[in-house]
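What follows is chain A paired twice: with chain B in the first complex and chain C in the second.
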Partner chain A sequence: MTLHDTFLPSPLLVLSAGIMLMLAGMAWRRSVVRGLSIGLVTELVALGMVTHHTGTVPDGSMGLFIQDHWTAFTAMLVLFSSACILLMSWRDLTDDGARPAEEYPLLLLLGTLGATAMVFSASYVPFFLGLEIVGISLMGLVAFNHRHFMRGCEAAMKYLILSGLSSAVLLFGMGLAYALTGSLRFAPPIPADGMPPAMAMVATVMILVGMFFKLSVVPFHMWLPDVMEGAPLPVAAFIAVVSKIAIFSTFVRYFGTGSLPPALNGMLYAVIILTILGGNLLALRQSSLTRLMACSSIAHVGYLLIAFLSPGPLQPGVITVYLVAYTVSTLGVFAVMCACSPSLSPNGAAITQWGGLFFTRPFMATAMSLMLLSLAGIPPGIGFFAKFGVAATGVARQRDLLLGALVTGSIMGLYYYLNIIRVMMKAPATPATKTAWRMEPELTTLVIVLTMIVVIGGLFPARIIHPFLPG
Partner chain B sequence: MHALALLSAGIAFVGAIMVITRRVAVHAVLYLVVTLLAVAMVLALLGAAFAAMLEIIIYAGAIMVLFVFVVMMLNSGQPDAAREGEWLRPRAWAGPGVLAGLLCGELLYAATPFSGHAWPLAPLTARDVGLGLFGHYVLMVELASFLLLAGLISALHIGRNRVEDR
Partner chain C sequence: MNPLPALVLLPIAGGGVAWLAGRSRMAAALRVHDAPWRIALMTLVLETLVLLVATLRHPAHAEPWMAHFSMPWVPTMGIAVRLDMDGLSLALIWLSLILCLACLFLATRQVMANGGVFHFLLLATLAGVIGTFLATDLFLFFFFWELMLVPMFVLIAVWGHEDRQRAALKFFLFTQGGGLLMLLSILGLVMMHYRADGVLTFDYFALAATPLSPTVSMLLMLGFFAAFAVKLPVVPVHVWLPDAHTQAPTAASVLLAGILLKTGGYGMIRFNVMLFPDAAARFAPLAMGLGVAGILYGAWLSCSQDDVKRLIAYGSISHMGFVLLGIFSSSPMGMEGAIVQMLAHGLSTGALFLVAGSIEERMHTRDMRRIGGLWAAMPRLSSAGVFFAVASLGMPGLGNFAGEFLVLLATWHVSPPVAVLASVGLVLSAIYALRLVNSIFLAPQGGSLQPMADFPARQMMALGCIMAFLVVLGLYPQPFMTFSAPSSPFPTTAAGREGHAS
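So, the complex of A and B:
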């Protein structure tokens, strides 16, 4: 095998080239704006090349990477979200001219490279390397909190230790699976001759636990709110969206190839119910908006897992729609938070500081309400359609318990999402002080685009979703 | 074969526990070296002699030297002689010494023909590893280099801000 016929999906190549270019630029002269522009262009080029590849497509069981409808769809989501996150961080970075923080776009691009490698992987090796690239670059990104440096460092430390622990569990599981199957290709381990029968079970459980840790499913969720609160807002969005999509895409690829052992079904049931109820219950009493978004993202992973556990003709479409709805709505909430929080005193972290936003910045408040309604699953947004689809798959497979959890969780979700809208509608106690807020064209454009996707996707879902449907 | 591998694994386990329970960094380093040697021994028993050599040269050798160097630099300017005397009393090195002696005895025993240890017929050589790394897995080597780059930049960023905030 020579280098020129090595199979490699083009986005990985483009992202690597962008990273090298950025490094070369840093060596010459440091400038944040150039770093951000290179990052944005790289991501857009990679977005346009998700279905391209170099080299010959490997036959059968040899290749490390794979490319099909599912990878194209998830890679597009990852690259699109990453570009949005780059735009969200633009103003924060260019403001601080004294200390050019060019590492930020570089680490963001590296994290995207890791997530893309995970999406395209068909074997344990690129999956694990991609996972570690995301984890290590996120550690640096989380510590980028300029205003509260110590808090950012604390969050980074928590993330590093817990992510290291979960990687160790995952790696152990992969080792056991390799001992059983003798292959590094993705395939749930099956009991083999001459090996203890429990080994396949242990391997599967360890791989599941490792992935659940990264997805922050309930027994392993404690790190998510703390880390997201300590991180800068765009990085919190990166944790909630990009890294979760990448893991979920591998999760589907890995466990979608064969049927799960029956003993695991019960465990998955319990985990899903715990995740939905736990995430929503935790979100009920949160006073910080970032922590609330973290808890709601835990609950949304639970809903996604219901769709994963109900195979059928509806399933691929439902998972696709749900991922789009979750990504766009979460990104929209974070974009509005990035736009508004500097002008809210003191920093817009607590929900009560958002009072009266409908009077001071009506456009942002309307967009935020639309995003929250979409997350809650109420008609004008695409989220309604997504949740409807999840319920439909559950009904088709008679998952009564899970549907009960879905309904209970959605009702709790309504309370805390609508509570934010209520706070924003409250008339300000003091006559509106004219706070000096600046034009932020990139954030406004971003919010408009995301709102359009949410609304048009909610009104005409078929037209938007159809091209993305996996074959 | 199982008994020998389990003995090495047990030594690695004991050593790892001692590493995280020591109060003095240098004592922990002594146990860490023994742990790495024990892991190398397991690898050698499995037939991966080349990986065992790398484990010893890179981890037990180079990285430990780096570690000791950093400990020395951090403690500069203090009365060193007394401190080092305290570090290297027999109580400190007896434990790692015993474990390392056990490992050495095990290696010698496994190498003798009457131990009954079935060495693999075709052990993995440097050539096999190189062919794998620069043939089928060449893209993974590149990906690993990006992983190291991410680690380097993260560490640089966190470390630099610490210094500035002081």
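So, the complex of A and C:
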């Protein structure tokens, strides 16, 4: 194979180059600000090049990578979120001048590389490599909790074990699929003649289970709240957004948007209902905001899967809008949490600590409420249109049970999101003590930008609806 | 220029300005402590002018739909900003504006804590309500339906009374739960239309012509009914109402009782009865049963309340039972009665909440056992209170009587026993209204009563206007009945509508 034959989407090249540059810089002299800047610039450049590639496009389905509208869209989401997460971590990292922690942006960039590789993959090999890169860099990132080292380590161990387990299941499934078809092409195995059809089923189910683990779909969701709680806030956002979008993107690529095998359909039905109800019921009982966001993200994956399971003319646009809405709103919540966390206790954990935010920091509280309302599916946030779209796809295919779960889940969701807003509205017991706020231009800008996307996207959703799904 | 979008956008814009004016730095620069209030008042006056223009532009050749506005919004899904106005929406918008103005005159000027935000939320609620009254795109309708909840939630949760946050949450959850069922119905209707015609649209007029099987139309109608039943409220799902009304600040109580409940009645007329006439007719016996249950249950509970606002709130449930009865009596007379009842109830109960709020503000309690003999201390306030209490018990000559009488008459044609039961509700309403009058205004005064400020002349003028409307509505309801009749969505009129739009 000559260089001419290789086909590489440019973002992968850019990200790899950025990582090399950062490593070289570290070897020379350590500086967090430089590391963060390199990371940010790399991500922005990669963001600008999602539709570019080097080499020639392979004919047929032989290549390792693929590039189409769907990859461009999800890669943009991944890179954008990752850039936001870098900005969120900026303050905490630069604060700690004594111990320059350049590994953090390095690992973050590496994780982004893995997620991007997954998004572009058209074969089992880059998919699995990407998955493992994300997993390993996340392990380091989760343990990066300076303030609570032990808790971070515990969460990282949990993540390591469960992620390893799910990777093993996934790998086994891939092996079976390869044995059946003799091809590494990224598609559900269709058994060749003379092979037992049950084996294809087993392979598909194992791959599905592995992906469900990573997507934290009930009943494979246990790890998510624990890991997100132990991780630093921006890393929690990374888990909730970047890794989930990458997995979901490959999930859609793998199973296509057509019809699944009928046996799987029933299973998916059950899983979706369990996910929506389970995620929301868990969230109802949380007293920590990070854990609550983890549970709500479980439920949101469930809503997204409803749209996945209801093919129709509306489906592609709805999935696009839902992904954007989920990404932006979740990032927004985490950005506000990061901005407010120094005044709260470690990680801004307990919901009760958010009391009176409307009186101490009205702007942040308003932004937070908008994000939460968007997640709950209330106008004017973009989440309203997204949930409306999901319901529309479900109604179009008459998924009655799923719609029932959607309605029940939404009402439960509304309760816990509103509860946070309610707490923020509580008048502070003591007259508002003027804590000295540090200027945080990067966080404030981030929150403003995300809020604008949420509101403008909610009022004029027509621009976002694009049928991006792979054919 | 088309006045319809202005009607919706103006309150939002004015509210935004009021919010900015309420910022502490701005307030200091303006040197007026009630700048948000003034801006809100100006906005409402402007809004009234726009509405006046819209009313008077009524074309000479009488068309059922007076004005139409349409603009693409999400073309890929067939969603557009479609606003249409007929007599019913016009009448209800007038009601909303009158009540909002009264609120501003009587209740909101003294809101000092974050006055700017308060007025913004008040106007945003108004915008949402006006939007629901005008929207003829089902997505847009749902958008406004949900949108008006948020500011109301904040109004209750921040400026309300002791148990405000629980009440606000309850209000939001109940309404949203009904709303989601309506969403499913809307989508179901759109999909049925898509399957029949191959066109994806949320246009009310197009959807009205969708062919539906009896079962499907019943299911879809029930989804809509769930949302409107929560808002109206109908008895098993009324639980949020007494709490929300009691805990809300005065202005929010007035908006809730006067306007937000009417969106439920409006929705039932516009969507349940007009979109699914057959299903509604089949559902009518049950709906009328629920209506009578509401009338009796609300009135019965109202009789045993000691909290002034709670008493009025339960009274509202009882009155809205008449609206439900009238809408589903399947006769034009019942419908007219229901509309008159909605207008009259909005005015009288809204005003009663204003009076109750003023009493609470002066006495610092809502407990009727601790308030007494206000007539001597505050004759103006008391006379207003007595007037509106008597109006709401259905005194002949006032608006409520006209509405209730028409509804009862229409009901009698359908089912005499139901009419008899409903009139028992009238007796009960006399009991609770007179109990209110007796114990607050007329009873010998309980403790030592400090001299208190009575209503100033300006506030009495605002209340006087409401009284005048009630009297006119009661003595000569015919023009209101013909004026506020809802228009049919069906093709003959739709064709005329398009002709008018061009």
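The criterion applied here is as follows: the second predicted complex is superposed on the first by the 454 of 471 C-alpha atoms of A that agree within 3 Å, B and C clash if a C-alpha of one lies under 4 Å from a C-alpha of the other, contacts with A are read in each partner's own complex, and residues count from 1 in each chain.
Note that in this section a contact is a pair of C-beta atoms (placed from the backbone, for glycine too) under 8 Å apart; a residue touches a chain by one contact, two chains touch by 3 or more.
Values in this document were obtained by computation on a predicted structure and should not be read as measured data.
Just to be sure I read the superposition right, which of the two partners does A:Pro379 touch: chain B = first, chain C = second, or both, or neither?
The answer is second: A:Pro379 touches chain C but not chain B.
Now for A:Gly25: first (chain B), second (chain C), both, or neither, which partner does it touch?
neither
By the touch definition at the top of the document, which applies to A:Val407: first (chain B), second (chain C), both, or neither?
Once the two structures are laid over each other on A, A:Val407 reaches chain C alone.
Check whether A:Ser16 is in contact with chain B, with chain C, with both or with neither, and answer first, second, both or neither.
first
Touch test for A:Ile133: chain B only (first), chain C only (second), both, or neither?
In the superposition, A:Ile133 touches chain B alone.
Intersection of chain A residues contacting chain B with those contacting chain C?
Common to the two interfaces on chain A: nothing.
Report the residues of chain B in contact with chain A in the complex, numbered from low to high.
135-140, 142-144, 146-147, 149-151, 153-158, 161, 165
Across the complex, what residues on chain A touch chain C?
Spelled out, the residues of chain A in touch with chain C are 313-314, 317, 358, 373, 378-380, 384-385, 388-389, 391-392, 395-396, 403, 407, 410-411, 414-415, 418-419, 421-422, 425-426, 460-462, 465.
Once bound in the complex, which stretches of chain C touch chain A?
72-77, 139, 142-143, 146-147, 149-150, 153-154, 157-158, 165, 168-169, 172-173, 176-177, 180-181, 183-184, 187-188, 190-191, 194, 200
Which of the residues in chain A end up touching chain B in this complex?
1, 3, 6, 8, 16, 19, 62, 64-65, 103, 106-107, 110-111, 113-114, 117, 125-126, 129-130, 132-133, 136-137, 139-140, 143-144, 149, 153, 156
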